[in-house]
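Below are two complexes that have chain A in common, paired first with chain B and then with chain C.
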Partner chain A sequence: MIDELLAPRYLGWLLHGFFNTVVLAAVVCACATLVGFVLCVLRAVDRGGVSVAVRAYLSVFRNTPLLVQLFFWYFGVSSLFPEGWLEWLNTPHTWRVVALHVMWPPFEYLAGFVGLTLYTSAFIAEELRAGVRAVPAGQVAAGLAQGFTPAQVWRHIVMPQALRIALGPVLGQYMNAIKNSSLTMAIGLAELSYASRQVETETFKTFQAFGVATALYIAMIVLIEWGGQYLRRRVAYPH
Partner chain B sequence: MKFRFAAIAALALFAANVAHADRLDDIKRAGVLRVAAFDSNPPFGFIDPQSKKIEGLDVDYGKAFAAKLGVKLEIIPTNPANRIPLLTANKVDIVLANFTITEERAKQINFSIPYFASGQQFIAKKGVLTSPDQINKLRVGVDKGTTNEIVLREKFPGATLVAYDDTPFAFTALRNGNVQAITQDGPKLIGLLANVPDKDKYEIPPFSVSDDLIGVGIPKGETRLTDFVNTTLRELEASGQAQKIYDTWFGPTTRTPLKRIFKIGDKS
Partner chain C sequence: MDFSVIGDNLSYLMLGAWPEGPLGGAALTLVLSVSSALASSAIGLALGVALAVTQGATHRALLAFVGFFRAIPVIMLIFWAYFLLPIVLHIDAPALGTVVCSLSLIGGAYLAHSVWAGISSLPRGQWHAARALGMRPWQVMRWVILPQALPIMAPSFVNQWISLTKDTSLAYVIGVGELSFVAAQVSNRVMVHPTEIFLFVGAVYYLVCASLELCANRLARRYAVPVR
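Moving on to the complex of A and B:
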């Protein structure tokens, strides 16, 4: 049975890939939430050109396949760079920020990060907007009638309810971001799916390689699920 | 009656013995050398659009063997999977079809000494890569799931590998500067480069990091035929004929110029 298992060296590869997936997904989720929030607010407060621009952004990023977007950022955009840029981007740079060594990631990571973040932010923006729209318009009118400024209405009446309503769907988008991150293996980003392919090629232990990867993906999703349930209980309004 | 049956049986046995005595004599007696070759794997064996006949590097070797024996050449098209069955079923005398020598295959058939090597090579921008030890400092694009990736990781632990879905993707990454070199089998790389508009910017450095040795497939146990093939191959190299055949398909004036880095007799 022992020789049916993966050697430590290959488990190491898979764990390294898992680490890359976790870091990539975490950074993508954090940045996509920020961008999504800004997009949602911009679309809500503006009725003119800005709103049109945001709608165009949402339709472009929501309605094209993520794989094509990743190819665009990795192969398409980099072909427009002047010579020398990519070389600089791909050479390791390190900075000391306080006591931390900050490692500059290779271009695969940059392109994967940009592609995933923009794609995910478009979905999160719409989940947040759905949350905002779920707050009855009468509450906004009531707030304004009470003498709240529009900003105060947003801050104290709309947002607290909208964020609670949107919590579940946004967590669902986080899970999608984790699963979507596997597509970055097409642009050479060494995340979990890439690592499982590599292990499979070297060991021919197909079931084990993809089995471990599957288990790790499930573990990540389950953790978010649990965290979401806990968070929802914590922030729920008392009935 | 009994006697006659025994006589026939003995005669049949004798005839069978003669038939199996020696393939080299059979070929000479029949006046035909039957060679299995690829019909869709340029430039090793492919149907020439003008002549409608199977031509290529492998076929040229077949012609040389037939000429040496003073017999006619008959080419039988094959695919990779049929190469060994054609030999064991006595449908062909030898196989000349980009046949990589492996231990597994050598249990079922004889192989000649290698007459061609398709090694794992690289494409890089001109001047970037001149010797193998530089690979340790480069970002190299490989095809996912190939032995090229495994070989590179074992021999050049310092290299940064980026795996792509196929060779055209890896080449796009090279053109954009995402990687500094890509690796594949030399003949495949030269085929790829032939269709690239700005191919002058790139080169295939004349070294390989692993060799797939290509040999002539011969029926198991045909020692005299094997010796004949080996001797002829060495003669072709000595006379310069082997170089001439190579240049016809991979020489500097062809569409797929690839420097010759393997000569017959380098490995046995």
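Moving on to the complex of A and C:
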């Protein structure tokens, strides 16, 4: 079954899919961390309507399948657009920003990015909140007693500890984001799983096509795992 | 917003072509979710206990095995199972079976770590005391360790069930007619109101998963380890 490898042309498809997965996952992780952080802070500082809204957001995005969310953004929201928007979004646009040509991505990239980011942000917000809750209440009381303002306590006492505690779980969510990016193939985004399926259909070399894709996914996960172990040693408080 | 499209297709979204044809829609999603939850619990329990009692090379091999299933996307595993099971085992694996098999393996791999952690969280003295009373190792596991560890792990099992329920939607990629698949089908057929269709489908999943989450939280509070 493994008598011959894939032709360079098909390896090229897989590498291109791999590239798309890496870029998508990286952008999603960065944005989802930002959104998740804001959600976590909003929920912590507010006791009224904002907190309720954040909780509803977290509940809805965590308790529905990512695939349905992607379909919703891709098919559902696009049908609500006014006449002409979708055509504009789907036609290639380029801008010159300084010396770079900025290409406007096709709509499935946009929908995939939005769907993955909102989904991932809900999980990251919960991991960050767990980190904040793990900081003993006495730390806050001690900080306030020392004359810190609540904002200073948050900034200099709670956050440094909470982020260290949450580091592992948040990296776990980054791994999930990489794996979840495979779902965007259902809306036609040519990422790694999509490419492997395409190569499989074209060449009938099931083992090679899925093997290369699987190995690349495992490589990404292992890299984050190692990076996480290194990072955790670097930022750990000395005992 | 016009939700009449839901009413017109309600029976198809809920039951598929049943009773004239095969079961589908939300009912099939439930069947997939319950059967993979049961199978993944069994796999997770077995692997978790194995992780807790093994050492050395066997332990590392088990960790690598579990790690593999935790590292690959569910879609990739479904592809592997769907395209390779018939070739390798020379059996005609039905798509439904492939999905349950993939979901149970991935769910089981995640649960294995929870079970292992739950067992490791018990004081070593429990083992020593039970052994000193003359119990065999498997008796210690059965009568002393697991009855204490399982309640601690209960929330993990329910949370994993939530993940599995959401992941059943991935059966879509190999054309199993569960809720997401029939929703996309209806959406493609009627060509209008995709927003309403996917909002409705999301709400159905939400109902199931959010009630499971309530259960998990209640279990977690009930069996919370008291802070010393």
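Rule of thumb we're sticking to: the second predicted complex is superposed on the first by the 236 of 239 C-alpha atoms of A that agree within 3 Å, B and C clash if a C-alpha of one lies under 4 Å from a C-alpha of the other, contacts with A are read in each partner's own complex, and residues count from 1 in each chain.
Here is the rule we go by: contacts are C-beta pairs under 8 Å (C-beta built on N, C-alpha and C of every residue); 3 or more make two chains touch, one makes a residue touch a chain.
Note that this is a predicted model, so its numbers are computed, not measured.
Judged by the touch definition given at the top, the superposed model places A:Glu108 against chain B, while chain C stays out of reach.
When the shared chain is aligned, chain C comes close enough to touch A:Ile221, but chain B does not. Once the two complexes are overlaid on the shared chain, A:Asn90 sits against chain B while remaining clear of chain C.
By the document's definition of touching, neither partner reaches A:Trp154: not chain B, not chain C. When the two complexes are overlaid on their common chain A, residue A:Ala186 makes contact with chain B and with chain C alike. In the superposed model, A:Glu202 makes contact with chain B only, not with chain C. With both complexes placed on chain A, chain A has more residues touched by C than by the other of chain B and chain C.
In the superposition on chain A, A:Ser79 makes contact with both chain B and chain C.
Touching of chain A by both chain B and chain C, each in its own complex, is seen for residues 75, 79, 185-186, 197, 200. The residues of chain A lying in touch with chain B in their complex are 74-75, 78-79, 81, 83, 85-87, 90, 106-108, 185-186, 188, 194, 197-198, 200-202.
For chain C in complex with chain A, the touching residues are 68, 70-76, 79-80, 83-84, 87, 162, 165-170, 172-173, 180, 183-184, 187, 192-199, 201-202, 205-206, 209-210, 213.
Contacts from chain B toward chain A in the complex involve residues 139, 141, 144-146, 149-150, 160, 162-165, 169, 172-173, 175-178.
Of all residues in chain A, only 1, 59-60, 62-69, 71-72, 75-77, 79-80, 175, 178-180, 182-183, 185-186, 193, 196-197, 200, 206-207, 210, 213-214, 217-218, 221-222 touch chain C in the complex they form.
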